[in-house]
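I've put the structures underneath this note.
The same chain A turns up in both complexes below, where it pairs with chain B and then with chain C.
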Partner chain A sequence: MKLLTHNMLTSKCMKGVTVGYPLKINAFDVKVSEVDFNPEFVSRIIPKLDWNVLYNAAESIGQVEDMPKSIVDDYENNTDFLKKVHRVLLEVEVINGELVCPETGRKFPISNGIPNMLLNEDEV
Partner chain B sequence: MDLKTPLFDLSKFKNVYEPSEDTFLFLDTLEQELQLILSIKPDFVVEVGSGSGVVITALANACKNISFCLATDINSEANSATAFTAKLNNVTIESINMKYLSNFKPNIFDVVLFNPPYVVTESNEIKGTGLNRSWAGGKNGREVIDEFLKLLPNILSYKGVCYMVVIKENKLEDIHNVVVDLGLSCYIVKERKVPGEHLFVLKMYRK
Partner chain C sequence: MELAENIIQKRPEGLSSPSKKKQRKYQHTLTKQTGAKCTIFPTKHIGICNSGLVNGLSEEVVYEHFSKYGKIEQILMLPGKSCCFVSFDDIKCSTKAFNNINGVLNIAQYLKPVFLSFVENIPESLIEANLKHDSDPPNGLIILENFITDSEERAFLALNDFNRLGSSLKHRQVKHYGYEFKYDINNVDLNCPLEEKIPKECDILWERLRIAYPQLIFVEPDQLTVNCYKPGQGIPSHVDTHSAFEDPIFILSLGSAIVMDFKNDNGDHHSLLIPQKSFVIMSGESRYAYTHGITPRKLDILQTKAGLTVFHRAIRVSFTFRKVRNGKCCCKFHSKCDSYLRTHEKSYTAFGQLAERVEETHVHKVYENIAQHFSETRHKPWPNVVDFIKSFETGSLLVDVGCGNGKYMNCGQNIFQIGLDTSISLLNVCREKQYQVLLGNCLRIPLLDNVADGAISIAVIHHLSTEERRFSAIRELLRILKAGGRVLVYVWAKEQKHRNEKSSYLKQDRKNRRCEENEAVSNEKLTLVDGVEIPIHTNRTQFKHQDVLVPWKLKKNSGKSLNTGTDESQTFLRYYHVFKEGELENMCAQFNSKLLHSYYDQGNWCVILEKK
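Here is the complex of A and B:
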């Protein structure tokens, strides 16, 4: 699971959960692998992100490195910044671990990079 | 524009739907629609019920460096098969075990693909998370389709488009009315008769 995916996931569909976002990450095994850098794609995605959630997620698994805490001005033209965001969004991957619902504490296991978000019938 | 048919090897995944006539019709449809799909610059592309992963892998390959591609399935073996197929073809797909797209933020997907379980069966055949879920559609083959359609207005982004495979027995005119009532447009973009099945692909998007 990449942190871009984490930015999109919620547990709001569970019974009794009102926001369900962001999910906490317990990472047991994290991998960083090289992914082709496309500045145009990263620029397009940045306005769609919940930036604080991305930053905190990266920090919580020790992968923030020197990515700034806030989005810099004129980021479309700042290759250095876009590269740092690219790394956190697409190169960092949680291979094994769990996602945790912030309201109920329900754990969703991540194994071999695949989160299991499937709920039991009595949970929806 | 060409859409490359991905390599696949399901020898390790016995409980996953093997690409068949419907899959290949879906691939041909995406090839036909590719120029249009690329023209909307999709940020997030997703396949619901990805099975072998062949369809989303083909599109991910065509959208390399343009889109972020994801795939869900309730069958965990299908999640692994999708991840395996993506890797085999050197594309990035985030594979997730999930029912429909229920754990995603609303209205984020620009392209949604769904080859649903459309076969007419008894309702009680829709159970568990195994291979039967890739085809068992219940009454008129519509039970899963209708559940998904109700969610669609909360799935599609403002420019989002959904492609879905159906068969004649699913009652196309009725599906059209259901989709229009949801405030979406609905068109047939592909049709093919194969032995035993009259297949269609529908395209749905906001008016």
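Here is the complex of A and C:
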């Protein structure tokens, strides 16, 4: 699970959960692998993100490095900044761990990079 | 037309070389798809290489743009193909059309330019296949031309003032006499007759009919529905509810001619011109076994061996006369008979509580078991799905709901794709290629509202076993989309023969023995619980039922790495709800979304919706 994916994930489909966002991450294995950098792609993704959620997620798994706490001005032309965001969004990946619903504490396991978001009959 | 002028931009000085390369590629595809020989020398025949029915190009649009350059002899649209042909009366016109349109006119999908090629001629076999559905009316349909005079027509039209009518459907204005036809239940309420009976001015019709057609047995109708269609309006394909009305049904057409399409379960398709002032008798097979409908458009193009005739529609008013039925229908056309289906097929309402169990056993578990074999046989992406994915710009977020082994997960360019599936085995295949995937159910997508630019649902919704669940699945897809986001949905069609063309699913039966109707079709059924049975479908045949179990045979040894514990060949039954023509569209019409495109492709009904 990349942090870009995490930025959109919610547990709100569960019975009794109203927002279910953001999901807390307990990471057991984190992999960082190189992904081709495309500045245009990253620039266009940034306005679609919940930046605070991204930053806190990166911080919680110890992968924030020197990415700024807020989006810099004129980021489209700031290759250095875009590269840092690129790394956090696309290169960092939680392979094993769990996601935790902020309202109920329900844990969703992550294994082989796949979050298991299936719900039991009594949870829907 | 103003629109057309805006679309045609200035023609560049000679095509740039990437365009030339593209053009050669398209010409090659045209030849491969149709067998037509491309030539650089002008001929009367032009092939549109990169757009056809599956891309949403219609005969009407082709006519509108090409007829500006001269008299068109023929337009040939090919079902299931992304190309088509236009023939002119002479080479001067075709050359003019070619020079003005090629690579410039943006009428291909996603407003891209069309690429043309002259062809030596149009293969005869294609022309014949296309003519088949235009010829004779279906059994039981009789068109009596000039049934009324001009002054009688005026008198009938004067009976209704449509500007004053209150009741209006989305597509047309309607008024009922005798009994009200209720569109929500598709029936009349016998206990609530209307005050207004059929106007006595209509009586002349019955006397005249007895003289014109003495052998016809009929009871005078007691229900009349008057419809008013403006040019561009139509009515979806439907069968008049068997249990609601007797046989025959009569239609009087006023104001304008129109083309009506008749289709049956065998894929027979008749496009018939219903002339102004004509009286149609719809009886027997044409009343019971055929759907009829009017395509919403402003002009009708009729193609016969004699050539091409175009009818511009005017306001048409139709009087549909029916005799209300008391009791059940006893016809022999079971697949379209609500009376038969109600008594003979177990109601699937009992299915409601079973839905999750059916899907667990006959969808999710089956995919787990056949995952490896399934993945090995499902690697060729469908071109129109790929085109849809490629239409998203850099930085878009696209969700593949029901991604399976991920065959569409790397089709996009510079977009971010997330896949969702219920099969962990198939998702593990995705992970080998580093795709971003989630284990989850399409009825509860674990993503925020209004977050995705696009979504696809390819061959997924037909695995849901109640209408309510299928409806919810589309609502879920729209929920995760941003306003203006688009979703593409493919579901398996009940009609595996469309416009006389067999789908590849039927064609794959090499021996072709079982393709013909009623031959060697199994009557096997599987009992789920007491009283609820699902028929088992015979592979590579037309579907007889909408809710079926489709066998998947896992051959010896192909399952060796799976935990089946045995080495023998095993058959797994997958549950499907195959969709009838119009069913998916009707379902989608209930959402706050715009239907951008709907088509038939690879044996599937397909729609593209845009969230409002």
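One rule holds in what follows: the second predicted complex is superposed on the first by the 124 of 124 C-alpha atoms of A that agree within 3 Å, B and C clash if a C-alpha of one lies under 4 Å from a C-alpha of the other, contacts with A are read in each partner's own complex, and residues count from 1 in each chain.
Throughout what follows, a residue touches a chain if its C-beta (ideal position, glycine included) is under 8 Å from a C-beta of that chain, and two chains touch if they have at least 3 such contacts.
Note that the structure is a prediction, hence the values are computed from the model and not measured.
Chemist: Return first, second, both or neither, reflecting whether A:11 touches chain B, chain C, both chains, or no partner chain.
Modeler: A:11 contacts both chain B and chain C.
Chemist: Kindly classify A:30 by the partners it touches after superposition: chain B alone (first), chain C alone (second), both, or neither?
Modeler: neither
Chemist: Now for A:121: first (chain B), second (chain C), both, or neither, which partner does it touch?
Modeler: A:121: touches chain C, not chain B.
Chemist: So, does A:43 touch the first partner chain B, the second partner chain C, both, or neither?
Modeler: A:43 contacts chain C only, not chain B.
Chemist: Under the stated touch criterion, which partner chain does A:113 make contact with: chain B (first), chain C (second), both, or neither?
Modeler: both
Chemist: Touch check for A:1: first (chain B), second (chain C), both, or neither?
Modeler: So A:1 meets both chain B and chain C here.
Chemist: Give one of first, second, both or neither to describe whether A:71 is in contact with chain B, with chain C, with both, or with none.
Modeler: Touch partners of A:71: none, neither chain B nor chain C.
Chemist: Could you give the residue numbers on chain A that contact chain B in one complex and chain C in the other?
Modeler: Shared contact residues on chain A (touching chain B in one complex, chain C in the other): 1-2, 4-5, 8-13, 21, 38, 41, 44-45, 48, 112-119, 124.
Chemist: Where on chain B does chain A make contact in their complex?
Modeler: Touching chain A from chain B are residues 41, 43-44, 64-66, 68, 70, 74, 76, 79-80, 83, 92, 94-99, 102-105, 108, 129.
Chemist: Mind pulling up the chain A residues that touch chain C in the complex?
Modeler: 1-2, 4-5, 8-13, 21, 38, 40-45, 48, 112-119, 121, 124
Chemist: Touching chain A in the complex: which residues of chain C?
Modeler: Where chain C meets chain A, its residues are 356, 393-397, 414, 416, 418, 422, 424, 427-428, 431, 436-441, 444-448, 451-452.
Chemist: Which residues of chain A touch chain B in the complex?
Modeler: 1-2, 4-5, 8-13, 21, 35-36, 38, 41, 44-45, 48, 90, 112-119, 124
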